[in-house]
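Note that the chains are named A, B, C and D in the order they appear, and that numbering of residues resets to 1 at the start of each chain.
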Amino acid sequence: MRVRLLEATENPEELICQSARNDYMSDWVGDTPLDTAMASVDGDTTDEKLSNLIAQLLTRGHYGPFEHPSATFAIEGVSRSCMAQLTRHRHASFDVQSMRYVAFDDVDPAAVAEGELVVTPPSATDPDWVGRNQDAGDIDEETMAEREAVFQASVRRAVEDYQELLGLGMPPEDARFVLPIGTEVNVVITLNPRSLMHVADMRAAADAQWEIRELTEQLLDAAAQWCPHTFEYYDAEMKHRKNRLAP
Amino acid sequence: MRVRLLEATENPEELICQSARNDYMSDWVGDTPLDTAMASVDGDTTDEKLSNLIAQLLTRGHYGPFEHPSATFAIEGVSRSCMAQLTRHRHASFDVQSMRYVAFDDVDPAAVAEGELVVTPPSATDPDWVGRNQDAGDIDEETMAEREAVFQASVRRAVEDYQELLGLGMPPEDARFVLPIGTEVNVVITLNPRSLMHVADMRAAADAQWEIRELTEQLLDAAAQWCPHTFEYYDAEMKHRKNRLAP
Amino acid sequence: MRVRLLEATENPEELICQSARNDYMSDWVGDTPLDTAMASVDGDTTDEKLSNLIAQLLTRGHYGPFEHPSATFAIEGVSRSCMAQLTRHRHASFDVQSMRYVAFDDVDPAAVAEGELVVTPPSATDPDWVGRNQDAGDIDEETMAEREAVFQASVRRAVEDYQELLGLGMPPEDARFVLPIGTEVNVVITLNPRSLMHVADMRAAADAQWEIRELTEQLLDAAAQWCPHTFEYYDAEMKHRKNRLAP
Amino acid sequence: MRVRLLEATENPEELICQSARNDYMSDWVGDTPLDTAMASVDGDTTDEKLSNLIAQLLTRGHYGPFEHPSATFAIEGVSRSCMAQLTRHRHASFDVQSMRYVAFDDVDPAAVAEGELVVTPPSATDPDWVGRNQDAGDIDEETMAEREAVFQASVRRAVEDYQELLGLGMPPEDARFVLPIGTEVNVVITLNPRSLMHVADMRAAADAQWEIRELTEQLLDAAAQWCPHTFEYYDAEMKHRKNRLAP
């Protein structure tokens, strides 16, 4: 799984504060320099004022201003099941690699057994891994080796079958029915800070599956560069609290 | 694939018209009998007036009133790829059978080869089927039989591998990575007439995949019972037009 | 302000539980009687099981099932500013009485001074009322009487001016520019239990304005009849907590 | 009314095409230079290819990629009724100047009669103006002068009453109930190209009110600088068509 920032609104936290100040000023923010608009906010420097106002807004639950900047990320190689969880979020925009138009006819099945094209879950290779609703306790090495072998053979054969069906003239949109749910897919996603914080409420939570948790942490890391004050506050004061009603 | 109506707002088209009339009346619809509210609408009977007003609203593009009634459908056994297409629609509500909590450990792999648990696309059994981006022209019987055999053997083995991994203590949420993308999933969906018409704009279209097209037609059939005037007009005047900007 | 329930999904809490159970059952809820689907839920009676499952879902933050039922309310006579706050909620559907098509040319301005057509805020008549950002402390009777007189004369004259402009041939959509922001408007709103709980998170809060707070309480009262277990839990466990990220 | 662009995603149309190409490429767009990703698109230059792909996407109704870039505009001085129409759009983000926190206690009522603080509709000053549902035909000068006088006197007095009520200790959130619906409000709005095209479908239409039509044209003009290919195509091929189902 890789995540890369493609584009992001510049000066995002200035934009958040400018928008928030619009609500409380009689003057027009379109005509008001930022430091004039922020005059009534505590802080010695503009950066301190940005930090203070952002903390106030998040503390008070005034989230609207956090919808104005947006960032677009390219995500490589998450599983189809992770993609299905991610695209359930309404307040994000997605482009998803289409298996109707993209056929994996040139992938070497042997490479698939080594981890190409299909995401290998940690529990297929890591004996210490404990996943949700897992029956067994600690796994002896032999069982672990067997798991790995079964998993790798299975995904390899599935890709062989898929390529064979393509060769027999089956349209890619139907041949994909035999590909594993772990098959990788590339996604482009656009979020604003508010929607990312909501996604993180749900997907960085301990009971989220490991893959989307990892993806969410990578998005949060990138966002912390982009909106440092916002995600510093989120990390310290809001993360891992029980998710509320956000649809 | 089966679709069953679980619950639906009663008197949906009265509600649509009552809501629309609210916009144009000085009196309160909460206190105004329907036939008084519809007095200015052409038609000899209430049903004729409902039909006329609904046609006017759809012709004029006044769609808001069509958001008030809602219907909830239980959908059985669509493929994971169909589910992924369906859940991309923001203006619908979903509950999706979770493969983190539901393990298919008791399904007989032999039955899977016969069509259980995994959706068999038409192109796996029907020689006349032509799907999108399909390479080959007409399929000779031998190729057809080979397709069917490869498909059935593949989905059977995948389920065997999945059950073996469960037996080796892998959590269901990870073992599912080897299950085929064609694996069936049950979904509960709630839509209002407006969002269903938008879904149909996109998914009843000729270039939509056969499975979600079939699902959409079943939803439209059920909706035609529920909101006859609305979906009669949709079918005659709006269906199969190029989809517009609906997000 | 009056609120009346126009239509609401029947058996809403059965539908919520049926939808939730879909996520955790291998059998299809479309074919499964409710009590079979609820077999694994604690409780001696179906009603107890509904109550327990609903509490579990809300406690765990599994809110999706609460989107399936919906209720449509007719609201009479809220101010334009209350309507502007209400219609900011994305996950609700609205029809709003249009002042482009509805002209108040036959309202008696004298009646407007007595409270017709324009909402009179409590601070215009109640000396003990303390509103947000209010400068003065307790109000002597004389000031109170003056407030009431100024308010009533103002709204009366505004309506007279409006009717005069209509008489001078000004289109209603422009003449309304002189009508007071307190002018009443009728709204039809459809919400599901989840979106109503989110609206209540924001609008039943102490810092919301008195009018939308009162409206929200009336909606919650009606909803408590419709979904008793859901709104009993909301009232006891969730109401007045700080609103989170819901867009 | 003034509109100013505060921030906008850079290279928006590259981002649109990059996101669209993600759907049809087996390689990852995060690792693929734009011109490689666009290799299969007709055109001699990158700009030509961008234009061609954007036209193809809009023609085919593949709108998702147009959700990734976003632009934030500061809007000055639209009427409360225009704001109420604008904020009905779900797929945009808003910050609205709050009359609970911003009191117009220092505005000179005489200036209000001259057009300050309250939007003067064209039909109050322009004899040739014909508005929706307008009774009268052409307006003689005397009637026109009367209209103007009535309008100006009315808005002046309303602001005087408002300031008097503030002086009598009424909280701004209640005193505003006497301010005219034409009172100006500043709004910050964020849209993506897709949501702006939908807003324009509805608000640039001939039957939209003059004020939001003017606002929409200003937003479209700014957007044409920002996404030239997209809005050139929109203007030529899509604008003024009947709006479809967009919620």
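Simple rule for what comes next: a contact is a pair of C-beta atoms (placed from the backbone, for glycine too) under 8 Å apart; a residue touches a chain by one contact, two chains touch by 3 or more.
Chains and their UniProt names: A, B, C, D = Flavin-dependent thymidylate synthase.
This is a predicted model, so every value here is computed, not measured.
For chain C, the chain with the farthest CA centroid is A. At the interface between chain C and chain D, over half of the residue numbers involved are used by both copies, so each side presents largely the same positions. Per-chain Cα centroids separate chain C from chain D by 27 Å.
Centre to centre, using the average C-alpha position, chain A and chain C are separated by 34 Å.
Looking at chain B, one finds that residues 67, 94, 96, 101 touch two or more other chains. Residues 2-4, 6-12, 15, 18-20, 22-26, 28-31, 64-65, 67-70, 72, 74-77, 93-98, 101-102, 104, 186-188, 190, 192 of chain B are the ones touching chain C in the complex. Against chain D, in their complex, chain C makes its touches with residues 79-81, 83-84, 87-88, 90, 94, 96, 99-101, 103, 118-124, 131-136, 139, 143, 146-147, 150-151, 153-155, 157-158, 161-162, 164-166, 168-174, 176-183, 209.
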